[in-house]
Every structure is written in structure tokens, then in C-alpha cells.
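Below, chain A partners chain B and then partners chain C, in two separate complexes.
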Partner chain A sequence: MEQFIYYIRISLLSIKRAPLPYALTIFILSVGLGVFFANATFYYQLNSDPLPHKSDKLFFPMTLIVPHDCNDCLPPRILSYSNVQKLSSSDIPSAKAAMYSANGYARLHAEQPPVPVTLRITQRDFFSMFDVPLRHGSVWPDDNARDEVLLSRAMALKLFGRINVIGEQLLLDDRYFSVIGVLDHWQMLPRLYDANGRNHLSPGEDIFLPLETGYDLNYQSRTNSRTFDQTDYRKLSTEGRTGARHMLQYWVQLDTPAQQQAYRQFMLNLANAEKAAGRHPSPINNQLIAMADIVDYFGDDPGDIKAFALVTLLFLLVCLFNASHLSLNRYLSNQYEFSLRRALGASRSQLQQQMLADVLIMAAFTLVGALLTGYACIQLMNQLLPNNSLFSHWNLTLLLSLLTITFACSYLVTLYPSLRASFGNLNQQLKE
Partner chain B sequence: MITLSNLSKIFRTELIETHALRDVSLQVNEGEFAALTGPSGSGKSTLLNILGTLENFDSGDYLLDGTSVQGLSDAALSRLRNEKIGFIFQSFNLIKDFSIYDNIELPLRYRGLKASERKQRIEQALELVGLHARRDYLPGQLSGGQQQRVAIARAIAGEPRILLADEPTGNLDSLMARQVMELLEKINQQGCTILMVTHDPDQARRAGRNIQIVDGQLHDSTLYEPLSAQSA
Partner chain C sequence: MSFYLLCKVLFSRKVVTTLLLLQLAMALALLLNSILLAQQTQQQLTQPTGLDLEHTLQVQLKPATASLRVYPALQDLLDRQLQAVQAIPGVIAAAYANQSVLVQGGNGGNLYDIEQEERTNVPYVPLYFVSKDFFTVLNVNVLQGELPHYTTPFGDTAQPEVILTQSIAEQLFAGQPAVGREVNLGRVAAVISDFYGQRRSDNVMFNSLQVTPPYSVDWGYSILLRTEPAQTAAVRQQLANVLRAVEPNIELFHISNLAEQHQRVYSNEYGLAMLLAILTALMLLVTMISSYSSTHFHALKRQQEIGIKRALGATKITIALELLAENWLCTALGALFGLGLALFLNQALAQVISIPPLNWWLPLLTSAILLLCVTLATWYPASIATRVSPASATKAL
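Moving on, here comes the complex of A and B:
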């Protein structure tokens, strides 16, 4: 340890000899790493798995059961109410939930100005399937229509100024609802249950309403919807339940490969039965996509972030090259000292230990610089791309990755120059 | 102690080959004080560098304490330099922003000695060269003679068996040169073998032996009567 502290002291002395080139090296590395890290943050968050323990167990079934003949159509990303009923008739999934999102206005009583809110209109299994934490209360006991809602923590605070509001009433549009549950802090990122139409990059909803109530009250989908027949979209509670009005996302939980195979077979049987009944004119095309693959399946990968990630990686490489060049100059100007140390008995491995101390100091300075640069870049990107701002936070994994990358870059920048400096003609270098 | 057999060294460039040393054979015994003399470019510094393992040779053999240095690994050569050989350079080769103490400590650090032992050895060496009071000075704050004494302290702190000095008084005035020579004689009297490159015939005469090199060949190896015997 004492020897290591000595190496650190020597490194600091060496920096003091030529602080400007050293500062320039740190600056170049910090900028390269900071810009790269800012973009890597978005890329990592956008591609992270919000439910790693069950993302391969939650599936999004799609089927081409529509009253419309199309030979090369993909099954629509959204289902009709009647198709959901048919797909829900199986007991194979351990949980299942249909859902859509809508807009509304909420207030505590009619005299208050209304607050615009987003609604997730869904079924009770939604909360267990997506690990939604409840702070107070409980979810609905079944999937029937009822005038009961659950609130996000932020919405409870916004409307009531407190979190424990179980039993309180609120006016949603023109109807009173009882609050039966309040969520704890919860922000699933990305919200893969809402991946169709790239909605998974947006914030979560404020109020959760039973699916049947949503249909009864004629809440329209605020995202994707499509009608394959003459269904009047204004009559959701009646025609919407029987016609080919497609607007529901549907998720099932299939815990084992056997369950998954059985459900695929169930979907095939269903499509065959529908075809036999004359309600499936198109070729059979069923899809059962795991949540882990849903973004890839929809082809909604954020290409701009990916392209930018590539550019910042190239920029980092250029910075590494420049920093190496500066570092090489610094080491070569210190070559005399390297040679003197070798002449006095330092082995190359001992010089490499000295290099490790150099790397540690460079990594420490660079880490601070990269964090500051990265933070500044993220703030700038949040201004330029506000839709991605949810994905701009750092976590321990990201910070540890930055630490590792910074150390690796510092090592790369130091490795070649120090090797160059520790080889060569001792006698010649001592004379120079 | 040192045995060179038919040792040759050639410096090659794209156009020419220069034979710096040709078939040099030499025996140096423990406790000798030998001067390496000869005209500029004759190969004496090259010989000293080879003896110090700072430079390789092309053919022949170099035995140090009966062991050939050829083919030794970098780690083994480093250990050999660190433990058996002390260097004194003409231009002192002190690190400018290290204190005197830190400069002397440098080779001891690489030997892995404990702090207390390092301190004891450094203080003994400083005592011997008479610079104990200036241990915290920087080299730039000392005169040339004092800096060379620091370099000598650095060379002897590791208690080497051989001291290789390349024109140790070349950058000093006559008074300081005499002090340095007296110091080297004192160290030699304590049993350390010294090989010193010099152009100065007076200094060469003060050494017990004069090894003369001309055009890379050992021309003459004269044993002088020790100075003490001369004065008697």
C-alpha cells in the first residue's frame, strides 16, 4: 500500500510538471466520454427490460380474425372487444388483462376547474401482471363494471393533497367515482404494455378505470383504434362490444413453455373455429409475442437514438485517439525519467504498476469531467427531445458502467505511451 | 568478479556498422578501483554501459560473479542492477522535482525495503557524502559538486558491490572534482569495486588500475602503485 501511495505521489508530480497537456488530455477524454455516456443513458433506458423476471412470461396475442379478406395482412396490433372475449375464454393463462388508454377530466366536485387526466381502462389482473405497487387500498375484486378507480400517487397528491384517499369521491368527467386504491411510486420504463404506436416512451396514466365501465361510459381510445365494419364508434357500450371496433391491447401471462404452446394451440383452434363459422375470411395469422420482444416485433426501435449512439461512439474513438497522442507526447517527454528508474533497478512490471497509478488518477479526473459533460448533454437533449426526458436518469448500473468505461479508456490512453516509454535504449535516453 | 570474454559490440545504422568494442577480454577483481581511459569515441562508455547492463552486446560473454548476464530476463537484469550495481553519471541524472532524500530513495524503493531500513541507509549515505543537512533540498538548490555527491549517495545507498562512474567529475571544477575523487576512494576503501571512465590522467593515476581502450580494443591494462604507497 505504501508503495502504491508512492506511485500516486509520483504520478501527481508528473502532472505538475506539465499540467496543461494533461488537462487537455483529460478534457478531450471527458468530452468524448460525457457525450457518449449521455447518449448511452438514453439508449440503455430505452432498451432496458422493466420486468426482467417475467418479460418472457407476458405475451401479447394478436389474431387476424377480422371481417375483411386480406392475404398478406399482419394481424392488427389491437383487438376488438369480442375477440378479447374469445381469447379470454381460455383458462391456460395464469393472468390476463385487456386495456386501452383514454383522456378525461377530473376534479373533486363540480365547482372546481377540471384537471386533464389520462386513463388506463383495464382489468384487475393488470396490476399483478405488471407488478404495479399499491400504497393504499386494493384493486377491483373482479372485472365487472363499477364506479371505482385507482389513482397514481401523483394524481392523488394533485387532487387531494395527500396519498391516503381511500373511500374519497372524485368527479371523472360528469360521473362520481370512489377511490379504492392509490399506487405507490411507479414508473414502468419503458411502458412495454403500451408498446403499439410507440406509446411505451410516454409517462404512465393518472387514473385506472375498469374496462367494462370504460365501454359503458363510451371512453374512446386516445391512441390506436380501427373499425373493420359499420360499428358506430360512439356506441361503444353496445356496438363496440359486438362489432369489429378494434382498440384493445390484450396481455396474457404464460409462465411455462407448456402453457405457451397450449395457448398457441388454443389460438389456432379459435382461428379455425372462426373460419369454419365464416367470421375469418383471411388466411390464419396468429402471433403471440413476448413482452421482451414486443418493441422489435413492432419495429418501433427509436432509430434516431441508435444512430446518435453510433455517432457518439465514433466521436469517443476520435477523442481516444487524440488523447492517446497527447499522452504519448507526455510520456515521451518523461522518457528520461523512465530510463533512469530502469537503470536504477525498476523492472518493466514495476513501471507498469506506476502506469496503473497514472491510470487511476486519470480515470478519477476523467470520471468527474465525463459526469459533468454527460449531465450537461442530457439537459441539452431533454430540451431538444423532450419526449425522451423520462429516459435520462442515471442508476447504479449506468454509473458503474461509466466508471468501468472510463477506467478502460484511461488504460488504453496510457497503455501504449507507457509501453513506448519503458522500452528503448536506456543509455541513449539517459544521455538525452 | 567481472569477467569479459571476447566481448564485441557493433552499432548498426542503415548505411554503416561501427565496431564499438572488438573482442574485449577483461578480468576485474573484487575491491579494485579501475579507470577506463581512452580517446573520445574509443568505446569506454559503451564498455561501462555493458558492464552496467544498460546496453546489450553482440558476441562474447560477460560473467558477473560467475554468472553470465546474457539471456537474463528483464526482471533479473533489473534486480541485478538494483542490488549489485551503482551508477554515477556525468550529468548526475537526478530528478529535478524530487528532494535529495527522494532521489536517493529511488533505487531502494524498487528493492522493496521497508521504510525504516530505507531511511537508515539514506541517512548513512548522506552522512558519508556530507549532505545530511540538505536532505530536503531540491537538486537545483545545490552546486554541481553537491549534486554529484547526491548521485554518489544514491549509488551507494543500495550497498552495491560495483560502482560504475561515467566521467563523474566531467562537469565539475577542480576543487569539487578532487572532493568527489576523495569520496570515491573512501568508498573503494570500504570494499566497493569501482570502474570509472575518465579523460583526466591525474584521476586515472589515482585509480589502482588503468584500463585503456583505443578503437574498441583493450590497448593496455596498467596496474599503478596505490597512491598511499607512492606517497610513502
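Moving on, here comes the complex of A and C:
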């Protein structure tokens, strides 16, 4: 330990002798690592798996059952009510839920100013499929229409000032609903159950409403919707249920490969039956996409973060080369001292231990600098690319990664100069 | 000053020179692609929109109760709101529309000449339901036909006539007169000059319009106003209060002028270009630090050599030029490698974002910027080196 403290003191003395080159090295490494780490944070969070234990068991079925000849012949990314009915007629999935999101206005009574809210209009299996935690109450007993809602914790607090509000009434648009459940803290990020059009980057909804009620009350989808026939989209409760009004996401849980294969076969049989009935003029194209692959399938991965990731990696490399360059100059300036130590009997391993003490000090300074730069860079990125701002938080894994990378970079930057100082020709070095 | 000797000096310190060359190459690659992206964003932001961006205001709003979102209550609300905003001093004209102009996406559908559906079908064209003063607000020119003089009431059995922008009319009717022809939305009444509608369209100038109230306001609607140039700010300030006074049960999403809206449509590209510009500035700073440090260190190491040169008659300018020339040579070599790297980076970026390919003059410009930065960075250490006295040569003896 004493020896280690001695090495640290020698390192600090060396820094004091030429503080500017050392400060520049730390500055450059901190900036490079900070910028890289800021972008790595977004990249990591955006590509993280919100349900690692079941993301390969949840599937989004899509089918090209549309009443016209296709152009690109890809199945629509959103489904019609009638297609969902057909796809959910199978008992193969362990769970299944159709859903869409809508806008609404909530308040406790008509005299209050309305609060804009987002709605997830869905079915009961949604909560078990996506591991939605309930703090109070329960979900609907079946998928029928009913004037009952579940609230997010934040919405319950906003409307009622408390979270145990089971049995309370709220006015959603022009209709009273009973609260039957309140969610616990829950933020699924990325929100992969609604990945179309980069919706997975946005926060979760405030109020959960039964799908049939949403259709009965003509709640329109707040995201992508398309009509492939003459269906009047304002008549969702009637024409919307039978026509080619597409606006639903639909998820099924298929736990085993056998279930997945069986459901694929079911979809094929369904498409063939529709074709035989003359309701399906396009070629058959069914897709069953796992939740883990849904963003890639839709091609909605944010390109800006990927592009910036490439550039920040390049920048980190430049900073590493630069810091190595500065470090080499610093070691060459101190070469005489190294050589003298070698001449007085210090072994190469002792010199390498000295180098490790240098690395530790450099890593400590760099880590602080990188955290500060990374924080500033994240704030800047949130300002300039606000769509990704939900993905800007650090966690333990990320911080430990930064620590490891910082230490590795500090070691790399110091490695070549110290080897050169330790292994060069002693006579030559003492003469220089 | 011999080129051969310069190269020899440079490559006598292989590791340092290699590190410097790599940095310079990467800095050039990043600089080049950042400029390309910034240039593209600039072009997008300055492309013609056919609109008076500064003096046209838009309000995006939605009735907050379901009863206000259905006719006839909705029609009454729209009329009252229009009347109120038209009364604001400085407003030249005001109109409502089911959606605003200059947006990412919105309401629309396919459009075709019913006589030639197969050949003319355009898969997506924005469809605007507007009040009759919409054209005055946007200040568009009528190129063919005549604009409808009245708003077709909601639910009227007569199908409203269609107004097309010039680009979509040409696409559908290939230069023939469009007025009087039938498209799937109805009879074409007029062709107006182009204006920027939605970014998601194949052509941002493709737009179709009908003078009729919005079919539905479940996604909100827009009120657009053209103002006297000197009154824009004052009108904007009053808008929220005026609209809330007409009906408090509304949600105002935003009030902005079209210039801000234009910026918002390209905010992602703008954000990325800004980030790359900042990163490029940092990269240049890092490269300058590296060049400075390298020159400073080697000038110190070569004090005796410089002293001897001075003793043998080399002037201060010759010494400074020699040090600068070493860096210029290094920069030129780095820029050469950088070109290859820039090409690679350009192709890699094109996989994930929209970025134009490299052109011939940008590498020259970026190399010049890099050269300037390196010269600035090495100027001070080079000038210090010139202060080495010829007497220091004697130390070598």
C-alpha cells in the first residue's frame, strides 16, 4: 500500500511539473468520452428490451385482407376491427388484445376546466400481456363495452389528488365513467406495443378504456388510421366495425414454437378462406412479427441517433489518438527521469506499476470530466432532438460501462508511451 | 526548403505523425459530412413554399367537449371564432381549415382523373376543407377557373367542387385544362398556385381543397390569418384571449407564424445538423490542440538544430516557414486520407439518414478550413521557435 501511495505521489508530482499538457489530455479524453456516452445513453435506452422475458413470445399479426388490389402488397401496419375479429377467433394464443390510442378531455364534473388526456382503448389481456402493474382495483372482467376506466397513477393524482380512487366517477368528454383500477408506477420504454410511426418513443397513456366502448363512442385514433373503402370514419360504432377502417394494433401471446407455427397456419387458412369467399383480391401476405423485431420491421428506428452514434464513435477515436499523442509527448519529455530510474535499478514491472498509478489518476479525472460533458451533451440533445428525450436517463449498467470504458481508454492512452519509456535503449535515452 | 527533407523530418517521428494524420483525416471526414448535412437542411428551410411565412399566423385548436365537435354546434362555433378573429385590428383575412399547411402529415387520400384512374392515380394527396377566405389568407393566385363564392354547407347533397394546386393539376391532366374535369372528389372548379402542404406527400406542392366545413374535428382544426406586416406580433398576442372569450371549452395546441411552423417540420434535420456542427467545432478544436502540442514539443526538442540553422544564416521567417510547412504537408496528407474516409462515412450515414452525396468542391473547401485551423494552431509555437538564438548552437559543440 505504501508503495502504491508513493507511486500516486510521483504521478501527482509529474502532473504538477507540466500541468498544461496533462490538462489538455484530460480535457480531450473527457470531451470524447462524454459525447460518446451521451449518445450511447440514447442508443442503449432506445434499443433496450422492455420485456426481456417475453418479447419473443408476443407477436403482432398482420394480414393483407383488404378489399382492393394492392400496390406494394405489404399488409397494412394497422388492422380493421373486422380483421381483428377474424384473427382473434382462434384459441391458439395464450392471450390477445387489440388496441388503439385516442385523445380525450377528463374532469370530475362539468364545471371544471377539461384536462387533455391520452386514452389507450384496449381489451383486458393488454394488462397481463405487457406486465402492467395494478396498484388498486382490477381490470375489466371481459372484453364487453362498459363505462369503466383504469387510470395511470399520475392521472389519478392529477384528477383526484390521491391514488385510491376505486369507485369514483370522472367525466370523460361528455360521459361519466367509473374508475375500477389505478396503475402503479409504469412506463414501458420503448413502448413497443404501439411502434408504428415512432409512437414507441412517446410516453404511456393516462386512461384505459374498453375497446368496444371506444368504438361505441366514436373515439378516433390519434395516430395512424386509413380507410380502404367507403366507410364513414365518423360512424365507427357501425360502419367502423364492418368496413375497412384500419386503426388497430393487435397482439397475441404465443408461448411455444408449436403455438407460433399453429397460429401461422391459422392465418394462412384464414387468408385462403377470405380469398375463396371473394373478399381478398390481393395475393396472400401474412406477417407474424415478434415484439423484439417490430421496430426493425416497421423501419421506424430513429436514424438521427444511429447517425450520431457513428459520428460520436469517430469522434471518440479522434480524441483517443489525440490524447495518445499528447501523452506520448508528455512521456518523451519525462523520458530522462524514467531512464534514470531504470539505471538506478527499477525493474520494468515497477515502471509499469507506476504507469498504472498514472492510469488510475487519469481515469478518475477523466470520469468526472466525461460525466459533466455527458450530462451537458444530453441536455443539448434533448433540446435539439426532443422526440428522444424520454430515453435520456442513466442507470447503473450505463454508469458502470462508462467507468470501464474510461479506465480502458486511459490505459490505452498511456500504454504505448510507457512501453516506449520502459523498453527503449537505456544508453541512448540517458544521452538524450 | 526541400520537400524531401520535410518528408524526412515528418516521418522521423512515425508514431506521432501517424496519430496526427489519422486525426486530420477523421476531422476532414466529419467536417465534410457536417457541411453537407447543414447545406441540405438549409436548402430544405429555404425552399419555396408559396406562402408568406412571416405574416401568416396559424392557430391549432380543438373543442374540448364532444357536443361542440358535432354539427350544427360546430358550425356555429367556427362562425363565431372567425368573426371574432377577423375583428382584431391588423387582420387582413381569416379562414378555418381541417388542417394547417406546412405540416408533416394529416388528412388526405388518393386522387385521380375518373376517366383515367389507372394512369393518373396519385396514392396520397392532402385534402383541405376550408372556408372561402382561405385563398385570400394564403395569398395564392388563381391560375385557371374561378374560386367558389360560397361555402357549401355541411351535409349538403351537392358535392363541393374541387380546387387543385398547379403541380397536382399538371400531374393529373398533363398540361391540359383542368377546370371542368372530374376527379374522384368532384368537379374541378379552379387551379391555384402551389403552396407547401404536407411533407409526407410525394410532392409537397400537391394539394386538393374543397370550400366546405371540416368533415370532422376529432383531430382538431386550424384557423389561419393573414395580417398587416406591422401588426403580426400584436395580433398574435391577442389571439388566445379572443378565442377563449368566444368559447372557453377549447384546447389551444399552439399559435405560431408559418415561419416557425416551417422550422418545426424540419426540426429533426435542424437538430442533427446543429449537433454535427457542434461536434465538428469540437473536432477542429481537438485537432488544433494536437497540432499546437506537436509543433510546440518538437520545436523544443529541436532547439539546437534551429540554433545551428540560425547560425548558418537562416532567417526567422525561414525557420517559421519550415515549421509551418511541416504541418501543411501533414494536413495535406491527412486531407487526402480524409477524402476516402469522408466517402465511407457519407455512405454509412446515407444508410440511416437522408444525406446528399459528396460533390467536387466541398473537399477543397473543407481542406482549406482544416489548413487554416492548423496554421492558426501552429503559428504561436512556430513564432516561439524563431526566437531561438544562434548562440544556442554552441551548446551542441
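Quick note on the criterion: the second predicted complex is superposed on the first by the 424 of 432 C-alpha atoms of A that agree within 3 Å, B and C clash if a C-alpha of one lies under 4 Å from a C-alpha of the other, contacts with A are read in each partner's own complex, and residues count from 1 in each chain.
Heads up, the rule we're going with is that a contact is a pair of C-beta atoms (placed from the backbone, for glycine too) under 8 Å apart; a residue touches a chain by one contact, two chains touch by 3 or more.
In this text, all values refer to a predicted model and were calculated from it rather than measured experimentally.
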Chain C versus chain B on the shared chain A, clash or fit after superposition: fit
Partner chain in contact with A:L317 - chain B first, chain C second, else both or neither: second
Touched partner set for A:Y233, first chain B, second chain C, both or neither: second
Chain B versus chain C as contact partner of A:K16, first or second or both or neither: first
Touching partner for A:F298 - first (chain B), second (chain C), both, neither: neither
Comparing the two partners chain B and chain C, which touches a greater set of residues in chain A: C
Which superposed partner A:R342 touches (first chain B, second chain C, both, neither): first
First (chain B), second (chain C), both or neither touched by A:Y411: neither
Distance in angstrom between the closest Cα atoms of chain C and chain B, superposition on A: 14
Shared contact residues on chain A - chain B and chain C: none
Complex contact set, residues of chain A against chain C: 21, 24, 27-28, 31-32, 35, 71, 103, 105, 113-114, 116, 173-175, 218, 220, 222, 227, 233-234, 301, 303-304, 306-308, 310-312, 314-315, 317-319, 321-322, 324-326, 328-329, 332-333, 380-381, 383-387, 416
Interfacial residue positions of chain A with respect to chain B in the complex: 2-3, 6, 13, 16-17, 337, 340-350, 425-427, 430
Of chain C, residues touching chain A in the complex: 15-16, 19-20, 22-23, 26-27, 29-30, 33, 62, 64-67, 109, 123, 215-216, 218-219, 248-249, 251, 267-268, 270-272, 274-276, 278-279, 282-283, 286-287, 289-290, 293-294, 297, 301, 345, 348-349, 352-353
Contacting residues of chain B [partner chain A, same complex]: 45, 49, 52, 54-55, 74-75, 78-79, 81-83, 87, 89, 93, 95, 97-98, 106-107, 109-112, 115, 154, 158
